[in-house]
Every structure is written in structure tokens, then in C-alpha cells.
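See the structures that follow.
Look for chain A in each of the two complexes below; its partner is chain B in the first and chain C in the second.
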Partner chain A sequence: MSEERACGESCGDMSRRAFLAAAATGVVAATAAALAPLKDITDLPTLEEFLRQHYKELTAEEKKEIMARIAAQVEKKYGVSPRITDLPPIPGVEFAYALNIGRCIGCRKCVYACVKENNQSRNPEIQYIRVLEMKKGSIDVETSSTAYEGEVPKKDSYYMPVQCHQCRKAPCVKACPVKATWQEPDGVVVIDYNWCIGCRYCMAACPYGARRFNFEAPQIPKDELNPEMGLLSNRPRPKGVVEKCHFCLHRTRNGQYPACVEVCPTGSRKFGNLLDPESEISNIINNKRVYVLKEEVGTLPRFYYYFDI
Partner chain B sequence: MPQALKDYFIFVGRCARETIDGDWRYYLWLTALLCVSLLGLNAYCKQFVEGLSVTGMSDQVSWGLYIANFTFLVGMAAAAVMLVVPVYVYKDETLHDVVILGELLAVAVIVMCLLFVTVDLGRPDRFWHMVPLIGKFNWPISMLSWDVIVLNVYLGLNAHICGYLVYMVYCKRKPAPMWYIPFVFLAIFWAFSIHTVTAFLYVGLGGRPYWNSAIIAPRFLASAFTAGPGFLILTLQVIRRVSSYNVSDKALFMLRDIVQVSMIINVFLLLCELFKEFYTDSAHVASAKYLFFGLHGHSALVPWIWTAMFLDLAALTLLVLPLSRSLRYLDLACVLAIVGIWIEKGMGLIIPAFIPSPLGEIVEYHPTLNEWLICAGIWAFGMLLYTLFLKMTIPVLTGALAPRPADLRA
Partner chain C sequence: MSSDWDDATKRIPRWAAVCVVVGLFSLVVFFITDPIGGAPAHDDIPKLSPDFSDTATVRVVRKEMTFDGAPCKSCHEGTEALQGDPKEKGIFHEKIEIKHGRNQHCFNCHNRMQPADFSNFDGSPIKLSQVEVLCAKCHGTIYRDWNRGAHGRRGGFWEQAKGGPKSVVCIACHNPHWPVFKALKAAPAPHVNPRTHMRSGEGHGGNRQAGEL
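What follows is the complex of A and B.
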């Protein structure tokens, strides 16, 4: 009786072992099959990229190396040799923007100039500027349309372009869990594309819908790439990070206007140094009828709307 | 190696062996969970390669099912406190035998929460940027940095409490109060904090009027204390059916009291919110209008929320009636409440805040199959973890797994 049981147990043990071995093999095989899509990955970060420190921790030397590395990657991918700069903020300068709501005709030239200047993805489409076609008699954005078509300006409408407002009290900067977005001394809120973890909390925080996410690797036609690039502005972005308007800081810190200001056919867009009392922007803010969008959320934007009297 | 450590490893090894020992039902259950987990892993690999474009999210609706599930599960994890308080604060013995099962659930659920946050990241390879000291942590400014801290500490606290108490039972030693009582009380405070911080994540955003409401945190807690203990009522009945562990009806009915009161508070707070939104009828009502009635012809969430409302009310009715003193109706009420709250707190709380967008655009959100698969995978993985935890713990608690004489001698 006891011998029988012993045999039963040991035989059971054998089949149990075989069973467990088969199960373990099955689990390993199924896991390998589940992981199969990973073999198609093309944009894994290199070890250097993986270990790269936050922008503010980088030495000038390291920045130079990083810019050279990005330049090499751009050249390989697009066949264009870019000039990448990392211009510092200019002391005594605080940028601000003013948009003449009475003159804008909703032609969206600014939108396309921005896309081109800032190497925004054409597929999937990323645009920093949204032009709202507003019903006359209302300032409620809910009555507006961003997908309007046909000839502009329409009789019953006025137009309100919206982009990043470079808020003094920026909710996005507060939200970011890893300080990947911050405000520069000249007022521009920038993003370290190599530090952003893509949690999109900043997008939830932004009251102006100004932030865009790279849901997949951005695609830009080779012949449309703008080779004049800034490290914190328009150099090509990787998949999975957030981006937005940065007042074209690779241009504006070099004494040029943002692309949207330059292209505007009606002169509705004004840009300049708020700290210079003689500047056009100071003049507008002091003398025109000026308002900011969603003043009630207390973000204190550096982007003003105004109209002539 | 010191003897104590050796003993501990023997304990861990023997517990681990328990997990591969079971009848065909157990193996079938594990296989099913594993299959769904792997389907989820496969879907996640696709997302990792392609990017988040495989989801239904957009620039306008930048958070979806992942964060919805995350929010719901933080509540489930916090709910363990509803068992801990009666046992440790009021010294009520009714729930004494099940409190550890609640804490184990919290551990498994927090792991699910962390997975849901991870799959939502655009750059999961940069997770180390969030690690304090190595990365660059925006603490104490960013609410998300608070959330990372409170969730991980809560995980650690519960893992420690469960691990220590179970080991003491195994050793047949009386647990030393200094090694668990301070942690238990900290965990009580912490349970409230995880859900409050998660609520503050949303509440703190002035640009999203739908979330910018002080009642969100209390609502979160009330719904959590409904869904969590409700889930335990169901789980405990499964446990006593498939194992020799004794769970008394009295414990289940004490949980019923908790679920009942929480559900009443939950529905009351919901009504407060609805009154404020709809009676005021200011511009801020747009999201709530979209959720309940549709806005400008867009109404993707309307069927969801009315389903949730129906489930919530049915659950509430059952719970307040003496009917739910019968287990069958209590189970039904729990299922209704869990599903209702999952919708209300997930699809009903996260998505509408993005619709209409701050610029008045209405972009609807339809989760993709891939997204559903990832969610299902994480749920299955969490259930798998919980099953394994129970499989290891229950033999210890029933005394079936105790040190062998050989172990003691060694």
C-alpha cells in the first residue's frame, strides 16, 4: 500500500515536471512572439542620447558635441547640412507679441510660414498656430471654427490666431514633472526635446491649446527642410515629445522677426522688446486697446490682442 | 550568510513553489491571464515602435483610456485603507483575517497604476528623468512629481506590511509592533494622499474648468471606497470558494456597510457637481453638457455616462435595500457599482475635460483596439500578480505552509 503510494507520487512527480517544463517553454515562446514587433524599431536612442543630461546641466563643450551629432543625423536623413546654433537670451530683452484683431483676414499665411520655418511634421500634420474664425458679436471661442474653408475674410466673421502665449505664469512649466520645459530670461518658454518624457501633462495644463505632441516620428520632405536651426527651437524633433511655438528664437535672438510676423500680408502681427520703451510693441501696449485671451486663468501672457481706435 | 537571511530565503523559495502548485482550474486561470497579458504586451510593443499614433488620442484629447484606468485604479489601491482602519484604529476583529488580502490587492493595483502611466509616456526610455536625484524632478511644483512619490511610497509601505506580517505568521512569531504599526498608520494617511494627489493633478489646472473643482478629491475618495471594497467582496468569495481560507459572512457584510455608505456619499457628491454645472449654466458647463447630452451634434460619451448613471443608481438602490443582505444581490450591487464607477471616473471624468478644447474645437476620442488590448493586458497582469500573491500567502495564513523541522535546524 505504502509502496504503491510512493510510486504514484514519484510517477506523478515526473509527469508534473514534464508538465511544468512544457508550460515554461510555452510561456517563453509566447513572450518571444509577443515581443516580435520590436524588431522593426528604427529610432532607438543611442547610448549617448539615452544618458544625455538636462539642457541646463550641459557645458558649452557638450552642447557643441550634441549639436554636431544632431547635424550629422540631419545630414544623413535629409541630405542637407544644417547650421545649428544655440543663441543665448539677449540681456535687457523681454519679447512680447501683439496681434491686431481688427486687421487679421484669416489667410493662414502665418500658419504655413511657421510650419516651414520650424520644420514641423507634415505627416502627421503639426501646426503651432491655429486661426479661429470667430462669429462677429461673440468672443466665445466655442462659436469659432478652426477648420474653415473658402475665401477669406468672410463678412460675418473676424479672425483670431492663437499660438503659445509665452505666459509669465506658465501652467505648462508648473505641470512638467521633469523640468523639461521652462521660461528663459527673455520670456520664451522652451522645451528640451531630449529631456521631455512625453507625459503630456503640459498639454492638459495649457489653457490655449498651444502644445503639440509627436504622436509618431515627424516627416518632413527633404527639399523643404529649413537648415537654419536652433537647439531649443526648430531642429527636427524625435517621436514622443511635445513641441510648440518658441517665438522663432533662433531668429529673434539674432535680431530677426519671427517667420509669422515677416509673412503676414496685413501687418497684423507685431513683435519686439517689451523692455525698450521706444519699441513698436511698447507703443502698442501703451496706446492701443489691448486685451489678453482668457485673462481669468491668470497666466499673464506675453501675447496680446489689440485693435485700432 | 546570516541564519535569519537564510531562513527568509527558504521562506521566499517555498512561497514561490506554491505558485506552480495547483489544480487544473488554477492553471486554466493563470493561462488565461497570461494570454491576455501577452496580447497586451504585444500591443504595447506595436505602440512602442509606431508611437502613440496607434491610440485614439490627439493634440486635443491628449489623455485617454490609460489615464482613465490609472485614475480608477489609484482609487482601488487607496481602498485598502477601508479595511485597515476598522482593524487597526478601532480594533474591530471582524475584518482582521481579510485585511492582509486587501493590502495585497493594493500592491497589485499600484503596480497596474504604474504600468498605466508608463504605457502613456511618449518616451518610456527616459523614465529615469523622473527618478529623484538622478533625473531632474520638478518637486514640489509639479503635481505629477508628487504623484510619482506617493504612489511608489504607498507601494513600498504595503509591500513591507504584507511581507512582514505574512513572514511572522510563517515563523509563528508574534509581529513586533514597531515593525508594522507605524507603517500601518503611515499607510492609512498615505492611502488618502495617493488619491487626493491624483485628484489634485486634475484640480490644479485652471485651464480645464471641468476639473477645476474642489469636489473632485472627495468624489475620488468616495468612489474609491465604493469600488475598492466592492471588488474585495467579490474577490473574498472567490477565495473562500477555491481555497481553504475562511472568510466569514460577517466580514463581507461589514464591507457591505462600507460600500453602502461610500456609495451614498459618492452619488451625493456627484449630484452636487451636476447641480453646480447645470444650474449655473455658465460657459463652463460645456464639458458636462458634452458628456451628458452631446454638444453641437457630437455625443460619443453620452451612452457611456448614462450607462454609468443607470449602474450607479441601480447599485445604490440595491445597497440601501435590505435585499443586499443576501450575498447574491450584494454581489450584483458590487458589480454594478464597480462598472459604473469605472465609467464615471474614467471615460466620464478624464475625456470630457478635453472636449471642447480650450479653443472651442470638438475633437472626439475613440479608443483604438490596440489601446483596449494594452488596457486589458495590464488588467490581466494585475490580476495575475494578485492571484500569485494570494497563492503564496493563503497557505501561510492557514498554517499549511510552516517551517519544516529541517529548516528550523539548519
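What follows is the complex of A and C.
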């Protein structure tokens, strides 16, 4: 104290008032600059989205409003007017999928047909289907590879594509703490993208590695957006939610085949109604040698691998 | 005394004041320029090749039997049974490469009397539009599976009420002279995100690799 007094005016001291004014200006400016990146956040939910109920509690009118809102958002972002539907499960239909492991050549066309059909993010890349290149004579997925390139099939290899198995006892459904994922009456495990909190417990629970997380907002080229959308299936997802294969719900509940089935050049992929004894899927399960992946974990998948003979 | 004391406490050493104020404004500059934060800039969104979602079959199914555009009838009148090895006789058929297992004889499939048709066991003709019946002569189990939907591609609808599935014919995928399914070029391998995969096979996160399955 006394030293300061001794120094006095000669040291050019600043008045406390002036100092506080300059420091306060600096603090305000620094805080404003630190918070400035917040203005770039464009995907904050609207109030209606924030207060939205769980999908199962929505009335038909509310669903209509939600679909109209999503359509407006999509049109604003992509310049494409989408046709969003929410088709109900068909009574007496249980979907199942079969894949002929002996015919698949690993060309990965299914992967990219799925990406296009389901509006998956191109960058960062999200793909529902993984094609594993397996050594002939082995079913050990630990020695498989997804990185093969060039002409396929390779010598001494066979190919096992893996996607969501739509399990009857789905571990992901049990793991979800907020019931954002559940099994529909036709067997498809779906996700309410607005209810998902992004905790990724379901991804840890899934023994097939079938779920994908949107670490960033999905990027889709405007001219490649598929305008045929389903509320629970391929409408654009927000950042921070989990997504996965849903058997192309918007197509299959309309009687069509999933995109991967339609594109497969070898005809290895089979899809149909398990409850119809005349369907191709019933025929395969009754007459072919069928196995499921990781049978021992007790998930009872609706996705079967089969081979001829 | 008291006024002196008040006066002294209201004064800040200039060096301290300058440090604080300069420090705060350098923070402003730091936050605005953001030299260490920020996600890496995105590249252009990569486009998908339209080939990957093309649902066409690997072969084009011809509507009628021709050779280099010429109908069979222009050379083969069909009045007498064809004999011998056609590779030695014409300028056309030598290009045909037969790699159909032990089935090395043209007239196992082609009709001797009517070359635009195929031949059944008894020599009766099978039309091109029913070519699956010809293939079924040897490949009975595959024909059975094809009818049930377990073999071969299907388009249309799984639901019968919407029109039902439509099978594509054998020769839409198999070249009858060389029937093994031809190799295709694989679409690109999945991109591995370096931020979720520190080393191959040792990462975790959204895009699991095979080893973690």
C-alpha cells in the first residue's frame, strides 16, 4: 500500500474505474467471441419437435403434421419435395430374409443400392451392409476382411454380407433406455429418430455390428436424395441418432422388394412373407440348408443364410 | 489520511492493468480466429456411381435368334438336318466359345431342323421364349429351385396381391455357351474413419469392422 502511494502519479497508475471499464469490455468481448460458434448451429429442434411424443403415442393427425414438417425441412435443405409415408404393418405378414451364401460374389452392389435408397450419409460414410470376404472352409469372421477390391469373386474366398438381422429377441431393443427402438408386428426392428438420445447402448448390445451412429449431420448430394421416404425408415436423420437396416420398410410394406434384393446381380438375396407357405422364403427355409449367424447368442434372427443342395 | 488511502486503493499499477486488458483482448482474437479448434473441413460430398444401383441383369435377353443380326433362316432353310461341325463350315460360328462343362455338342441344345429353336429330348422344338425348359433338361434341381424362387433373381412384388414376383430367365444371368457367372468388379470398399479407427482392427465406434463382429 505504502509503496503504491510512494509511487503515486509518477508511475502512471490507472484509476480503478478505468481499469474495470476496460476489463469488463474485454470480458464481454471474449465471451461473445467464445460463444460465436453457436450461431452456426442450424439443426436445433423446433419447439414442436422438442415437445413431440413417442411415435407409438402419436395420433394420425399428429403424424400427418410431423410428416408435413419433415417434408418442409427436406425441401428447404435439399430443394426436393419428398413423399413421406408411414405405412402400417400388414396383418398376417412377417418379413424374413434369406441370402444364398454360395451364390454371392461380393460385388457390394447391395451396399450402394442401400445407401442410395435409404439416404445414408455419404460423408462421413454410413453403410448398413458389410460384405465379409471369408476364407473357404472357415466360418470364422475374425479372419474375414471387408477391404477387398477389384474383380470378385476371389479364388478360395466366399462372401457373407451382414446387415441388421431383425432378431426376434433383439438385444438392441432390450438395451435401449428410452424405448426409442422396438419391434413392429411384421418383425422389423425400427427406430424413432426423434426419440433416440444417441447413447449407443444398442450398438454395444448388437452382436452383428448392424447399427450405425450419425456422428455428424448426414451429407447427401441434393440430386441423389431419394424422395420416397418413410417416417420410420429412410427420411433424413438428424445428427446424433442411431440408424440401421429396416428391410426398406417404405418399400416392403407396399409389396415391393428391398433395394438390395432388387439390385443383386446374382439373385442371392431373397425376401418374403414367412407366414405365407407359398413364398420363396418359406420354400427356402423348408427345403434348403439354412443357418443363422451367431446362433449361440440366442437372438433368433429373421435373416437366414442358405446354400444349395 | 482517509482520503489519501481511498485514492491509493482506487489506482491500479499500469503494467497490471495493461496485462489484464491485453490478455482479455488476445482471448477475443483467439476465439474468433479459432486456431486449434474446429472440425476438419469437409470435402465435396462424393457421388455414387449409378452402376451400383442399376437393377439391370448382367446380360441382355434377346427376343429372337439371330447371328450378327441375320436370322438363322437366312442360311439354314430347315429342310434337312444339320450335320457336322459348324466351326468348319461357316464364317460365323467359329467365334462361339463353348465352356459348358461336358456339354460340348451344339445339337444337345440347338435344333437340327429349325436352328432358330432349341431341341427337346425327342427332337421336338423348344422356343426361345421357353428357354428355361431347355436348361431344365439337365439342370432339374436348379429349375425346381428357380420355380420356387430359391434360385435366380426376382423382380416385381413379393406380395401376390400387388402382382407377385417376376423371375428373370436363365440366360439373363448365364451365357448358355459359357454359363459360369462372370466375375464383376467390386464396388469400393467401405471407407474407414481415421477418427474412429486408430489402427486397423483395433478401433471402436460407429463403423465396425469385420474383426469386431
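Everything that follows uses one rule, which is that the second predicted complex is superposed on the first by the 271 of 309 C-alpha atoms of A that agree within 3 Å, B and C clash if a C-alpha of one lies under 4 Å from a C-alpha of the other, contacts with A are read in each partner's own complex, and residues count from 1 in each chain.
What we mean here is this: a residue touches a chain if its C-beta (ideal position, glycine included) is under 8 Å from a C-beta of that chain, and two chains touch if they have at least 3 such contacts.
Remember, it's a predicted structure, so these values are computed and weren't measured experimentally.
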Touching A:201 in the superposition: chain B (first), chain C (second), both, neither? first
Touch test for A:60: chain B only (first), chain C only (second), both, or neither? neither
Looking at chain A, which partner touches more of its residues: chain C or chain B? C
A:297 contacts which: chain B (first), chain C (second), both, neither? first
Contacts of A:148 with chain B and chain C, given as first, second, both or neither: second
Looking at the overlay, does A:47 come into contact with chain B only (first), chain C only (second), both, or neither? neither
Under the stated touch criterion, which partner chain does A:217 make contact with: chain B (first), chain C (second), both, or neither? first
If we overlay the two complexes on their shared chain A, which of chain B and chain C does A:124 touch? Say first, second, both or neither. both
Give one of first, second, both or neither to describe whether A:175 is in contact with chain B, with chain C, with both, or with none. first
Considering each complex separately, which residues of chain A are in contact with chain B in the first and with chain C in the second? 23, 27, 30, 33-34, 36-37, 124, 130, 132, 141-142, 144, 146, 162, 203, 207-209, 212-213, 215-216
Using the touch definition from the top, list the residues of chain A that touch chain B in their complex. 20, 23, 27, 30-31, 33-38, 40-41, 44-45, 50, 54, 57, 124, 130, 132, 140-144, 146, 162, 171, 174-180, 195-201, 203-209, 211-217, 238-242, 294, 297-299
Could you list, by residue number, the parts of chain A that touch chain C in their complex? 1, 4-5, 7, 11-19, 22-23, 25-27, 29-30, 32-34, 36-37, 90, 100, 103, 105-109, 111-113, 115-117, 122-127, 130, 132, 141-142, 144-153, 162, 203, 207-209, 212-213, 215-216, 219-221, 224, 252, 254-257, 259, 261-267, 270-273, 279-280, 283-284, 287-288, 306, 308
Under the definition above, what is the set of chain B residues touching chain A in their complex? 20, 27, 34-35, 38-39, 41-42, 45-46, 48-53, 55, 57-60, 62-63, 117, 120-127, 129-130, 135-138, 141-145, 148, 201-202, 205-208, 283, 286, 353-354, 356-361
Touch list for chain C against partner chain A, complex: 4-5, 8-14, 17, 20-21, 23-25, 27-32, 34, 39, 42-43, 45-49, 51-55, 57-58, 145, 148-159, 161-163, 165, 168, 173, 181, 183-191, 193, 196, 205-213
